[in-house]
Structure formats: C-alpha cells, structure tokens
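Several structures are given next for inspection.
Consider the two complexes below, in which chain A is the common component and chain B and chain C are the respective partners.
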Partner chain A sequence: MTIEFILNGEDVVVQTSLDRRLIDILRENFKLLNAKAGCRVGRCGSCSVILNGKVIPSCLVSAFRIRGGEVITLEGFSLTDEYQDIASGFSRAGVENCGYCDAAKILAAEALLEQNPRPNKDEVLSAFNGVLCRCTVPRLLVDGVLAAADIRQRRLYGRAP
Partner chain B sequence: MSDSDDLNGKRVFVEDLHPAGLYHAALVRSKIAHGKLRGIETPKLSHGNILIRASDIPGQNRMEGYGDDSPILAADEIKYIGEPVAILVGPDKSIVDRLASECVVSADILPANYSFEKFSSDRLAAKRTAVFGDPDDAFAKAAHIVEGVCRTGRQEHWYAEPQGAIASFSYDKLEIFTATQWPFHVRSTVSSVLDVRAEDIVVHPCEVGVHLDGKIWYPSLLSAYVALAALVCRKPVKLFLTREEDFLFSPKRPPSVIRHRSAIGKTGELLALEARAVIDVGAFAPFADETLDRMCLGSIGAYRCPNVRVEGFAVRTNTPPAGPFAGFGLAQAFFAVERHASHIAETCEIDPVDWRKAYALGKNDSWIGKTTQKDTIPSAELIDSVVTMSDYRRKWASYELLKNGRESHKDGPLRGIGISFAYQGNGFLSHGRLSGNFSVEATLEKNGTLEIRTSAVSGSRETAALWRRVAAEALSLSDADIRIAPNSTDRVPDSGPSSLSRNVTVVTRLIERCCIAIRKQRFRDPLPITVKRSFRNPRSLEWGGKKMDYSPFPLFSWGAAVVEVEINPILYIPQVRGVWLCVDGGKIFSERRARSSLENAVIHSLGWASRERIEPLDGSFSGGEPIHYDLAPPSGAPTIKVDFFWNDSTVPKGIGELPFSCVPAAFAQAVSQAAGVSFDVIPLDPRLIRDALEDS
Partner chain C sequence: MEGLHNQVFFPTTMADLFSSWARCPDAVPYAGGTDLILGQGGRSFLLPRNIISLAPIEELRRISRTERYLEIGAAVTLAEIFALGKIVPEILRSSLSEIANPQVRNIATIGGSLCCRRRRLDVFAPLAVLDARLELRTATTSRWVSVGRFAPESGEPLLEKAELLTRIRVPLESWNYNLYTRIGGIGIPTEDSASFSFIARAENDILSEVRLALAGMELIRDRSIENTIVGKSLPLTRKHASGFHERWRDRLNALNAPYPADLLRDRFLNLVEQAVMGLAE
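So, the complex of A and B:
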C-alpha cells in the first residue's frame, strides 16, 4: 500500500502494510532514530512524535492513520525556535536526560507549552505523567519547563510572563 | 562515558545500530520451571534460518558469575521458565521471531521450588555465618529481648533501553556492541564461550543510561548469544529484547526475609544482636557472594553492639535469576535493621531519634570485631540535621497524640513521620576476579591536553564531569583540555565493573593518582607522559567467625532520612508529604548534581517501598505485566529536601545508593505511625494498609 504524508515538512511516500506501526516506518524507512521503540504499548512515551499538531506515541499509530497527515519527529522539531526554547530552558535548569527519552520529554514539554504558555508546577508535572523513564528528577523538569516558558515569552513578546 | 560516545551529536543506543547485512536472533525459551531437557522440536526452517543449541558452543557453556556461574544455553537441566535453550537466527526478524515461538521444548518435568523462606542445604548458592563476642551470654542478661521479621520485595530496574547486543566481524576481530557496565566481563565471557583469544574480541560499550546496576552481567549473556550466532552464520547478528521479554526474564532486585533478635539493657543499650538474612537469588546467582556479604554486614546496622551473631543464606529457586540492584544487599538489610531499631526504641519507650543518636556508631567505637572506627562518623550531626530540617520532634509528638486519641482509622487525618540512619559501602568487597587488578591510564600530550583512558561506564554525565574536574585540579588544566577516550576494550585498560560508586571512589582516585604522577614528571621528562595506576582491594572479606580487624568497605558514606506520610482514609494510599535527607558524601564537586542524584534515588527507593510490586506466579512473571508495573509518575513526586554534612574532606564518596538504605525504613515507620499498625514489609501498598487497618 502506498502512503503519502508530510514528514518534517517534506512530502514523502512509503510502501507499507496498513497495519504497520508509525514508529517502525520512521526508524526503518526514514532512519529517524530519535523516537525509540521503548515499550511498544504506548506507555513509556519514548516513541513520541507530533501527528497533525498533537503529541502521540507513534507505537500505537498504524500506517493508515498517517495517510495525508503531517508527522514531526524530534529531528524535525529540533530545527524550530520552539525546540530552542525548550532546549535552552532545560539547559538552564540543569536537566540532563538519558538520551533515550529525549523525544518523550521534549515533545511533552512542547505539548504543554503550546496549550498553556504559563503552566504552574502541578501542570508541568502532570504533563510528564506519560513519560516513564527513571532518568530525570521531576523538580528539574519543572524548572526546565518554567524556564522554557519564560524564554518563549521573551522571544515572542520581548518580556517575561 | 567518553567524549566521543556521541555519534553525530547523539548518544549511541544498541537499538539504533543496524550494520549492513544484519541477521536477527531470537531466544527459544523454556516454558517449564524445572525439568530434564529431552529435545527441541523445530518448525521447518527456511533457507538462512539456523537453530543453535548448547552442543554448538565451541568453548565453555558458562558465564562467570562471581558466586554462581550461569549456563549460556540449557544443555541438560532446565531451571526456570524462560531459560534460553537455543538461539534462532536468520535475516528476517519477523520470521525469526515466529520460528522461535513455534519451537517446542520437550522435557521431563521435575518438581520446582518457588519458595525461599524454607530451604534445604542443596539449594544454597552461598552461606555466611559469623559470631563476634558472646551473644548467648548477653541474651541471658538482657532486660528486654526484641524480635522481628522484615520482608522486602523484588524491584525492576526499568532502565530506559531494554537489553540487547550486536556482534559483527571486522577483519580478524569480533566486535560486540552492547550497553554494559563492565565491558571486560563481556569480553571474557565471549572469549570463553567461543574459545578464542580475548584480544580478538573488541567490546564497544553503548549508552547505559540510569541502569541501577541492571546492566552488570546480563549484557554479557546476550553478547555471548550474538557472538555465537555471528560465528555460526558469519554475519552480523543483533539480539534486542522487547520491553516485555526484558521485564519477564532479566534480573531483578532479589527479595529478602531478615529476622532480627536483640538483647537490650536496662537503659536501652544494645547488648547483642542476632540477624538471619535469606535472599531468593533465582535459578542462578551471579554476584550472590557480594550481595549476601553486603546483606550480612548491613543487617548488623550502624549501632554499637559488642556481641553479634549473623547468618546469611542465598537460596536458589526455580525463578529467573535475580541480580544486583543499586546498593546490592545493603538496601534490604538496612530496611530490616532500621525497622528493628524503631521497635527497640518503642519497646524501651525512647524517642526513635534519641535512641539512634545515643547508640549510633561514632569515632573509636567497635564494630563487628573491628576494634575502632578510625574515621569520624557524623551520626549525631546527620540525625540532628534531618530532625531540624523536617521539624521531626514536633510532628512525631503531634502524630503520636493523633494516633492515641483516635477511635478508628476513619477519624483522620492519618499522619506519621519516620527516621532512619544508614551507610553506603563504596566499592566491591573482595571476591575472586572482583578484587583483581583494575587500572586507569592517562597521557599528557605534547599540546598540553590530557587523555584519560578507563573502561568505566558512567550512567550519567556527572561522573565524567567529576573526572575532568579532578584531573583539571591536579594538573592545573582547564576542563576543556581533558579528554576521556572512547572506552572500547582495545583502547583502554580494565577498570572493573562500574557499580557501587566505584566510578567515584576507585576510578576517580586512580585518575587523581595518574595526574599526580604526571605532575611530578611534567617538568623532568619530555611530553607525552603516560602513567598507569592500578587498584587492588587490600584484603579479602573473611567470615566464619574470624575477627575482622579491618574495614570491609574501602569507604563509607553516611546518611539520615526523615519521611512524612499521610494515608488517605478512603483509598489507603500513603501520600508522601516530604522527604528530608542529610548526607556525608565527602568532597562534593558539584552540589547541584549531587542533589539531583540523591533526589532521583529517593524517588526510586520510595517506589520500591510503596508501589513497585513484581511477584512471580508459579515461577513466572505473568505476561503483559510491564504495562501494570507501577512506576511513580512525576506528578506523584514528593517534596525532597537534601542537605550535606559539609566538612574539609578531600575524598569524594559515592552517595547515589544511600537513599535506598535510608528512605524505605523511614517510610515504613511513618506509615506505621500513621496507621497505628506496625509494618515490616515493603512494598507497602494501599491493599496491605487497608487489610491491616480493617483487621485492627
């Protein structure tokens, strides 16, 4: 079956069975390795991508669901200003992820900040509930996201929230 | 952790490696817990797919386990559900997985043992007994005798990436890519299994992430499978476990049952202590000696006691092999002995803080036959610090009043607070090759930069930063001038297993010694100057009742913790209101990193104490369980306050395992006060609390 979709801003075509998972298409067909297979049951978040504007676990998405849609992986997202906000915020707070959960944590932060530019501590923590990784202290994630929110506000409006 | 462990700016995971012409391996596993292997019936194998059995192993069918060797493939006897009996290898992963699942392992079933609390001597993987002083005489003179039994459960490491390995030939070398804490153990295992020279095998360690000691020996086993398959197929071969397969068959923290009995004097002093520790090591017991020694030492606690009798038993069962988990056996032991300390204080009607302060080890106190503790132990300072930070005394008194004035547990709030005092023993005790000659090399280059060569694998970037800092200080260089070489086994010396804070205590010292030696030669000899320094444990640990006139651990770190909880009277969930921790970690190079490392360990230790439950049923961790494994979500993280005992120490110590020894007992004590029921078991989940409250 031929599936056409937009991947990180480019029109792409892939020959695949309809029930193949998006994570396998991204990793095997396009060698986009930032999304990790992880648990393959949608629990750990390591396979997170943005599909049509929403962060989803790509291990639960069948090929037919991406037909005509837009997929952004961490590789694509890392070229954006929004990524720089989060990377700078994490760096400022001293967040040091293990590398395996990068897609999960960075895209979870983005999903939150897009919906809620000024989250509070509890909202930040809840945003990461779908990320199961032992690597980062929740306090640092809060500091990192709040710093990212601050940086984004300054970038967009020239002032802190 | 090396400076070039990033591939195009990204860390290298086994999952991401895909050499050209890659074949895939799948393990054919036993479905019975104990039996005599008769044969393996295979489906028709299409071209290119091969089944490899134990009889195909050219070398030894065993992996050195420092306590109990493990077979690579079951050859005769099957000992647990999931034990690998053959390897299926072929070019198409989905076909290989299907064929492996269609293989039928036939065996004559034998009786299986799943219980470890009652055991016969033929099931012992390791045993310890030791007597110091005269406990029987002390018990005869005791004013009180306090007894108790504590139980701890398994814990899954839940490292980020499931276990996996790749083997491929590069000219005359066999290259292994795996996420391991001990690259040279992988090399020696593969060398022994293939019966080839160790020098012909090159191990490239991949990113391990936060491993909690889950990647010490299991990667060696997986590497042996892919190496064997690569040898047979003459193709690169990858074996990468799914999260479920990893969860079901990889090692877990071993469960324990520890009994304590103590003789107490009129004023509450500890006259004698008896401890009997039993752990379930599963079908095979890699590192059983180390775990059991630590459990026995930890069971004695950190209190003055002139008469001690300690016994330890590592018992085999027909369950998947257990393995090291952060702290090895110390965490289980300190949970038990600290709960016992609280029971002693309760029996003597002394505040738990006052009892601990009065009898905690200090400088010049005797401990397990060793005449004196030469190092200063800031026990009173650490305890005072957490007591002040947490407002312990006021809260403890208030919650006692609340508890005593309550008619039923429905009359909330159900609040409690607990305290614990423990140590972390840094570095390995001595066992065979574990006490071997481990080294680090460093070269000061002509351009003034320094290259450090060590096989040590860090779970985080913190350790690499520490090494740079130490080297920079010793040689007056900037951190940017220091390079840590890639830690492939053909480029670095064996620095031993990266566990038990050895990266901080042993490797860091070796780096410092290298740099000091270079400093002495720097203006005398021409550059480049290369120096190698080695470490060997000074003495073997001796049990069997012999007097220990030395410290078994090269370094101790000390800590005290307070945990405050509130039990929800409807759902019985023990909500942690706060954790306070004060630590003597020696020289702290980065307070921010030390703090976050401790906070992370507090969260994982609370997970073990309160919610992470994994129990085998008839020898098997039931399928699908990774979905239900109850890791704490970030929104459930408590407020954690960490303080350090600042002193003029120049020696960095490991601290990352300390919370596993300190926090669970304090948590259980807090829940016990909140519920008005004594709990001596973890994980202490809502179901257990509900049952106890309703019974009471």
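So, the complex of A and C:
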C-alpha cells in the first residue's frame, strides 16, 4: 500500500505493508532513530512521537493509520521553540540526556505543557506514567518540567504568571 | 485474524461506512485498534484481513453536551474525554485516569473499550453505574440500549451483524459519593483484574440513589441489593451497612460460578464494605 503523510513538516510517501508499525517505518524507511522500539506493547514510551498533535506510542500504530496524517518525531520537534523550552528546563534541573528515553521524556513533557501550561507535581508525575526508563529520578523530572513551564511562560508572555 | 490483507476502507461518512461494510461483510471496524493488537509484541501486527478505518468519520469523533447528557462519539479517544474536565462525571474521570498511560489513552477509544469481546474493560463499571446508554446503528436501523443490556453478565457484547456502536450517552447527574478502584496490576487485564464503581446520592440526609458495579471478565450489578439501602437516613446505621455487605456476600456465594475467583471476590467484598461504611460514618 502507498501511504502519503506529513513527516516533520514534509510531504512524504512510503510503500509498505499495512501491518507494519509506525516505529519501524520511521526507523527503517526514514532513518529517524530517536524513537526506539522498546517494549512494542505501548508501555515503555521510548517510541513516542506526535501524531496529529497527540503524543502516542508509535509501536501501537499500524501503517494505514498514518495515511493523510501528520507525524512529528523528536528530530522534527527539536527544531521548534517548544523543544528549546523543555531542553532548557531539563538542563536547568539537571535532567540528563538518555539515549533510550529522550523522545519519551521530552514529548511527554510537551504533551502535558500543551494542555496544562502550569502543571503541579502530581500532574507531572501522572504525565510520565508511560515513561518507564529509570535514568532520571522523578524529582528531577518534576523540577525539569516546572522549569520548562516557567521558561515557556516567560517566552510567550514576557513573565511567569 | 491473519497477516494477509485484502483491503482497508476509509469511509468519511456513516453512509460510506455501511456501504463498504455491505460490500465486505467480514471487514472489522478499526478505531484506535489497541484492543485488537493487545499484547502483540512481534515486528508486525496480526490484523484482521479486511479493515474499516473509523478515524476519518467526523460523526464518530463528535462530543456534544446538553443540560442532561454528555454524548460521546464511539471513536473519541479516552484522552479527549478526560480532557473535558469536570463536565465528565467524577467516577468516569477516575477510571479514565487509570487506564494504561497518557500516550495509550491518546489512541484508545471509548467505543473500542466497550466492544472488547473477551472481557469488560475498565470503563464498563463507571458507565454501568451512571446508567449510560449506547446507540447501535446498522445501515437502516438505530437503537439505544443500556450498558447492562449491551454487555450481559458474560459473553460477547450484543452487536448484530453489521451493527456498529456509534454514540455513548452519559447522564449528567450529581453524586455525593464516588468510589472507583481498579483491582489488579497494571498492564494487560487478567482474570483477577477488574474495575469497581460505587456512586450514591443523598437528598436532605436521605439516601436517594445507590449504584454499585464490578466489571472484569463479567459485569456484575444488582439493583435489588442497591435498593435495600435507598431511602435510609444518613449516616447509615451499622445494621443497614453490614446488611448491604452481607447481601452482596450471599449474592456472590449463590452464583456458584468460577467467576469471580476467590481473590477477586474477597477484594470486591472489601470494597463493598469500604463503600457502604463510607455512608455510615
């Protein structure tokens, strides 16, 4: 089947069988390697991407479901101001980069901040339910997301509310 | 389910959908797909041979609200319902917040959660106690059924051939007492996992409505037991509260069926006690 979709802002076409997972299409056809194929059952979060504006585990999405949609991977997201907010917040809090779960952590933070610009600690922890990597202690993640929220508010409104 | 695929239909209207279904009666409606691919950890999915994608149908992704009801299209995701905030009855919100993780809730749909054939998934118990009703449509007919009728105590959901769950109508009533608990570990539901829901309403310190359900491999609800404490003054006396608990114990003992198994049965009875004692304190 030929599937057309938008990938990181570009119109792309891929010839693939319907039963392939989005994660494999991204990694094998487009060589976008930031999303990792971890558990393949939607639990670990390492394959997170943004599909039509929502953060989803790309291991649970079959090829036909991306037809006509828009996919943004961490590679594409890293070119945005929103990414810079989160990267700066994480850096300020001392959240280390992790080769396994960066896509999961950063996109989970973005999904939360997009819906809830001023989350509290419990909301941050709940948003990271689907990120099973243990590279970072939860307290640092909370600090990182709260710092990112603060940075974003300053960027958008010139001040923290 | 086979690895070979013949066709995927992408209807954009309900008329298109039923027309595609008539041409290919073995096609399986596919919204989020999380239940169909549950636990498939291999490189590729084992998908139904023919698929009707529900994602392009705007009508199935619509949410509307009146003063009395919230109407949710069957292809609305669990995350979208949760994001509605306090409009959504508390017992349903509690359930949604505990299903899988936020990323999976962005894919999983309310319709898919109700149409699972193997068991009653977590949204069942809250929707059962809220007396939600479900719209089932074919190309030429439409009917509304209660959650309890749609999914009788055991067996597959009540869907006729070429009939689709299209809308879920949730009554918007206020409840003074809400207790939702998911029993069992995270991950793929097992025979020992279930969801427990209890809601109650009091008016002028009189208990006017009580509803309680357990949903796991089967849906268990008993209106006659619920009615035994309706009309009683609050706080409930110990006698009434323990009588309610005893009736549930007798009800489960009388079932004499393998479900619920001992562990789940004990946990359920503990939750019944916790719920009813909350009205006695």
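We adopt the following convention: the second predicted complex is superposed on the first by the 160 of 161 C-alpha atoms of A that agree within 3 Å, B and C clash if a C-alpha of one lies under 4 Å from a C-alpha of the other, contacts with A are read in each partner's own complex, and residues count from 1 in each chain.
The rule is short, and it goes like this: a residue touches a chain if its C-beta (ideal position, glycine included) is under 8 Å from a C-beta of that chain, and two chains touch if they have at least 3 such contacts.
Everything numeric in this text was worked out from a predicted model, so none of it was measured.
> Clash or fit: what happens to chain B and chain C when chain A is overlaid?
The answer is fit.
> With the C-alpha centre of chain A at the apex, what angle separates the C-alpha centres of chain B and chain C, reported to the nearest 10°?
90
> Does the superposition put A:134 against chain B (first), chain C (second), both, or neither?
In the superposed model, A:134 contacts chain B only, not chain C.
> A:36 in the overlay: touching chain B, chain C, both, or neither? Say first, second, both or neither.
Touch partner of A:36: chain B, not chain C.
> Does the superposition put A:6 against chain B (first), chain C (second), both, or neither?
neither
> Considering only touches as defined above, state whether A:87 meets chain B (first), chain C (second), both or neither.
neither
> Name the contact category of A:19: first (chain B only), second (chain C only), both, or neither.
second
> Considering only the touch criterion stated at the top, classify A:54 as touching first (chain B), second (chain C), both, or neither.
In the superposition, A:54 contacts chain C only.
> For A:126, is the partner it touches chain B (first), chain C (second), both, or none of the two (neither)?
Both chain B and chain C are touched by A:126.
> First (chain B), second (chain C), both or neither: which does A:115 touch?
A:115 contacts chain C only, not chain B.
> What's the minimum Cα gap, in whole angstrom, linking chain B and chain C in the superposed view?
5
> Going by the contact definition given at the top, which residues of chain A touch chain B in one complex and chain C in the other?
39-41, 43, 126, 129
> Give every residue of chain A touching chain B within the complex, in rising order.
Residue list for chain A touching chain B: 33-34, 36-41, 43-44, 46, 94, 96, 98-101, 122, 125-126, 128-129, 131-141.
> If you look only at chain B, which of its residues touch chain A in the complex?
Interface residues on chain B, with respect to chain A: 10-11, 13, 15-16, 158-161, 207, 209-210, 212, 242-244, 460-462, 592-593, 596, 599-600, 603-604, 626-627, 631, 633-635, 637, 640.
> Where on chain C does chain A make contact in their complex?
On the chain C side, the touching residues are 3, 5, 8, 10, 33-34, 37-47, 51, 53, 55-56, 77, 79, 83, 97, 100-104, 106-107, 187-188.
> Taking the touch rule as given, give the residues of chain A at its contact with chain C in the complex, in rising order.
1, 17-21, 24, 39-43, 45, 48, 54-57, 60-62, 64-65, 67-68, 108, 111-112, 115, 126-127, 129-130
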